[in-house]
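Note that subunit A is present in both complexes that follow, paired respectively with subunit B and with subunit C.
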Partner chain A sequence: MDSWAHYLDQVLFAVLPYVAVFTLILVTIQRYRAQRFSYSSLSSQFLENRQHFWGLVPFHYGILTIIAGHVVAFLIPREILAWNSHPLRLYILELSALVFALMTLIGLLAGMVRRWTNPKIRIVTSASDWIIYLLLFVQIVSGIYVAVFYPWGSSWFSTSAAPYLWSLVKLNPDVSFVASMPHMVKLHIINAFLLIGFFPFTRLVHILVIPNPYLWRKPQVVRWYGKPKETAGGGA
Partner chain B sequence: MTVEVTRKVSFGGRLLVRLAGFACLTLDSMPLQAQETAEYFKRNCANCHTIGGGRLVGPDLKNVGQRKDKEWLTRFLLNPKAVMDSGDAYAGRLFQDSRGVLMPTAPDISAERADNLLVLIEAESKLERSQFAGALTAIPDRPFTEQEMEHGRLLFVGLKPLANGGAACLSCHSVQGASILGGGQLGPDLTAVWNKLQGRKGLAAWLSSPPTPTMQPVYKNHPLDSQEILELVAYLESAKDERETSSVARFNFFLLGLAGTAGGFVLFDFVWRRRFRAVRRDLVHAGEESEDT
Partner chain C sequence: MNVRSQIAMVFHLDKCIGCHTCSIACKNVWTDRKGTEYMWWNNVETKPGTGFPTQWENQDKYNGGWVTFQEKLELRSTSKTKTVFNIFHNPHQPSMDDYYEPWTYDYQHLFNAPEGNDQPTAIPLSLVTGKPMETIEAGPNWDDDLGGSPVYAANDPNLKNLPEDQRDQLFAIERLVYFYFPRICNHCLNPSCVAACPSGALYKRGEDGIVLVDQQRCRAWRACVAACPYKKVFYNWFTGKSEKCILCFPRLETGQAPACFHSCVGRIRYLGVLLYDAERIEEVAKRPDIELIDAHRAMILDPHDPEVIAAARTNGISDGVIESAQKSPVYQFVKVWKLALPPHIEYRTLPMLFYVPPLSPVMARRDGDTVDHVSDNLFHDIDESRVPMQFLANLFGAGHEGKVRYALAKQKAVRLYRRAVTVGDITMAMAERALREADCTVDEAEEIYRLTSLCTFDDRFVIPPAQREQAIEMMKDPHEHRQGAGFGFLTGPRRGL
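Showing the complex of A and B:
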């Protein structure tokens, strides 16, 4: 029984990560070569834009902050521990992370409800969209569960998850850091690798083609013919 | 020609040296293995057991081979929980004597390693004084000072950093009254750990090399020093009669999170108050109005 669990841990935490990352790299390149114009999130804002706002905005602000937090804790774990050495600072960090995570969850749920209930949107929703919704849902719910029931994750991520992830980077996986973690933590890690592996098959590829140069390009002058109010009546 | 011979001799010499070295290695492998097993015992077993030094968290292992047979001991070493779950009466008694602390499965344990450990324990039991007769960290019997307890609390919450760079206990553990929103909950609440590990000696031995599978990899390279162990034991002893922390802190944390999220939504609505809502809806609306007039 125990050797079976040991074997499973090896497969899930030492093999799956590499399978996921290789799938990500190879399929991303292959898809870009074969179907370049499929690199899009296929926006449905044109079909419905009121509910869309309440899904899109909180989800993206939430998930970008949360992912950035994970990356920072991976890159500078010791500095995170130093920050957390004052309980008040630890609470501020944990609470901010929880707020952004809840925003992400509510945003995702708003998006799912919109896709299910609006007939126009439902037609343009593919099976891969539903799979990605499901994976993201599992990821966010397990993350929030871990944050609430196994605090303080920002500290123990630095001592346990970061060394595990670095051991993967160094091609010498050390699963001892995660093998004895609670099931929800394990689910969060495994599901993250599934998301990475599934990434290139889905609309998530839009992450790779965000028009980032918009952030630093020179300002463009937009001239309106007449006052903006009048354009709605038939100007543009 | 002379050069040729010298070369040949030196080649033969080197070969001989290598062979001799190999032989030495083979002969030396027994003590090496015993040394490795002793090192393993020190790292993974001595935090709860002595050999002839009395009980810590777990029983004194002197002459353990006379109390149970080798087959049982090996089975228990390989998976204490499985033997316990099988309803074994002796394992049940051990569990009771340890006040509900179940022996964790030792890391990288194998039948061969278990065998080596039993050989080591038997050999050490025969000595007048085993190298494992004393606890790893000596803790005085005198009452702890206020300062030691306070330093222990600071170490626990992280305000005083651990010398070897280990993470503060609060990351994963809670103690009643340690901090406002409570401590971590990845590991157990430590309010009553002093009682559970049967006092100073047991707790200090545990801290000198934490044996649980979650803590071991984390503190393997960042061990606590003896002064830190003393101060932490002092702090945990001062907290031993408090009630364990409740889940109110966790609930408050979640409520604060929800409140923050609601605030975020209000902010989004405000920042994008002039967002583009739709051309067509406005057109239809305008058309309806013009029809009315």
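Showing the complex of A and C:
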């Protein structure tokens, strides 16, 4: 029995991550090369404008903050521990993380209700959209569960999750960090890799084409046939 | 001087009969696909009227175009910082309710209905959901010919600063008046759609100034739809891409007039090249409202000027294009005769579609009178015209009447002159006086008359040689694509993967 569990842990925490990440990289590149037209956020704001605001805005601001928090905890675990050495600072960090997580959940639910109830929006909702909604729902709910029932995650992340993720990066996966974790935490991790693996097949690719050059390009864009692209003056 | 060439247009509103042939030609060629049913790259509006999308000229609602703020030119709908924060939800994006929900009818039912006591009907079915629609609340040309309507005409944003008596006059029974206002993309020199696009998907073609959306780069951030003050960029809700008038560039490149131009029954449309100084775009767009029309005209260069020709050659503009610029009917209407005016230049996008303001119908404020040409003021019927001058000025003069009155007076003088020539009930002396007062000469009047009334296909459309074919051949071996599926899109415009 133990060996079976050990074997499963190996598959889920040492194999699945690589399958997911390689799927992400290869499919994304091939899709960009062959199906560039399909890279779109597929916005449905045009068909429904009000609920769109109450769903999309809290969801995006919430999830971006939460993801940023995970990345920071992964990159600088020591500094996070140092910050958390004062209980008050720990409480502030945990509480604000929880607020953003709830914001994400509320936004996601509002988006799901909108997709289900508005007939026009339902028409433009594909099977892959529903799969993303399901994966995100599991991800956020398991995350909130972990935050509430296994508190001070911002601290224990540094001693268990961060080393595990670093072991993956170093191509020497050490599942011992996560093998003894509660089931909900394991679900959170597995579901995250499922999301990453499914990512390149869905509209989530819009994240990869965020338009940062806009911030420094000139306002007018002129293209000449057979010449490199040129931007020109105009307004600010 | 940075000379660029632009394919520009003139619509002669006096000749428009509002038949919508242009809209149908465009629809059949370009926007009969799923997701584009509601789009009208070309539409014809009744003025006064609310237009399409409803009240598009009301920028307090739609926030399109540019504004000057502390000596700087800024988009009204967005900015670089705002784009970052508004990317998840665009606060100024119109929704389908501002246009209409496209529909068809259940024609099958007419044939398949079981036998009964009543005639079967074909109920409307939404082209979005496929479900029956309870009520159709709006549609293409929903306010067509509804001049005088208290629901549509009365809500025309151009009526805002009209004095009460002029406004009443527009709606007086048996005197109400309207004219047609056909619209396509203006292919502006300072396009706000291009400036707003976070992906850089919209661009202006260097060779001919046509503004296009790169479908491969568009990511559905929708900023262009909000930024265009003319609401001529449309969002395809099915493919998740924005689309707009392409000025039928595949036709232009093969020497044919765009579909809407070609099919125009009233022959109101003119197309030709203008050379302009691209260095001055920003400076001109920042001028105060009252100077905009003159500044805009001034940046259009004289294609006969040797200096301009030399500068154009330096910029790689071919002799064929320069020659078309010299023959351009648009240059005559806009720069030489000053008859054609840009629509709403106060939006500061510097549109390259110009309108000859409508002279007809004149004279209905005078009860039962005919035009008295012997009176001292030859142009009183313009000043007292049924369409109030301020209304036309709001459309074509950035709110100022001067340029509009000039264009109308000149048209009136040409009419008087031609009447003196052909009918003879007006003396030539009086006609010449009218021409003088309207800043026109006999020769110019003849030319205006010819290009307005006797113009052939080739007079109206002077299409520059594109020379794109050679460009492709020089860079790519055509044999490389033998037995292949061709250039460009190899897949249909699907939604997602």
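Convention: the second predicted complex is superposed on the first by the 213 of 236 C-alpha atoms of A that agree within 3 Å, B and C clash if a C-alpha of one lies under 4 Å from a C-alpha of the other, contacts with A are read in each partner's own complex, and residues count from 1 in each chain.
Here, a residue touches a chain if its C-beta (ideal position, glycine included) is under 8 Å from a C-beta of that chain, and two chains touch if they have at least 3 such contacts.
In this text the structure is predicted, and so the values were computed from the model without any measurement.
Once chain A of one complex is fitted onto chain A of the other, the partner contacts of A:57 extend to both subunit B and subunit C.
Using the contact criterion defined above for the overlaid structures, shared-chain residue A:222 touches subunit C, although it does not reach subunit B. Once chain A of one complex is fitted onto chain A of the other, the partner contacts of A:38 are limited to subunit C, with no touch recorded for subunit B.
Once the two complexes are overlaid on the shared chain, A:213 sits against subunit C while remaining clear of subunit B.
Using the contact criterion defined above for the overlaid structures, shared-chain residue A:174 touches subunit B, although it does not reach subunit C. Looking at the shared chain after the overlay, A:191 reaches neither subunit B nor subunit C. By the touch criterion defined above, A:142 lies against neither subunit B nor subunit C after alignment on the C-alpha atoms of chain A.
In the superposition on chain A, no contact is made by A:125 with either subunit B or subunit C.
Shared contact residues of subunit A with subunit B and subunit C: 49, 53, 57, 61, 232-233. Listing the residues of subunit A that touch subunit C in their complex gives 31, 35-49, 52-53, 56-57, 59-61, 119-120, 122-124, 126, 128, 201-203, 206, 209-211, 213-215, 217, 219-227, 229-230, 232-236.
Only residues 66, 72-75, 79-80, 83-84, 87-90, 93-97, 128-131, 190-192, 194-195, 197-200, 202-207, 215-222, 225, 235, 237-241, 278-279, 281-282, 285, 348, 468, 471, 475, 489, 491, 493-497 of subunit C touch subunit A when the two sit together in their complex. Here subunit A touches subunit B in the complex through residues 1-2, 49-50, 53-54, 57-58, 61, 78, 81-82, 84-87, 90-91, 94-96, 98-99, 101-103, 106, 148-153, 155-156, 158-160, 163, 174, 176-177, 179-182, 232-233, going by the rule given at the top. Within the complex formed with subunit A, the residues of subunit B that make contact are 79, 82, 105, 107, 157-159, 161, 165-168, 170-172, 179-186, 212-214, 216-218, 250, 253-254, 256-258, 260-261, 263-265, 268, 272, 275-279, 282-283, 286.
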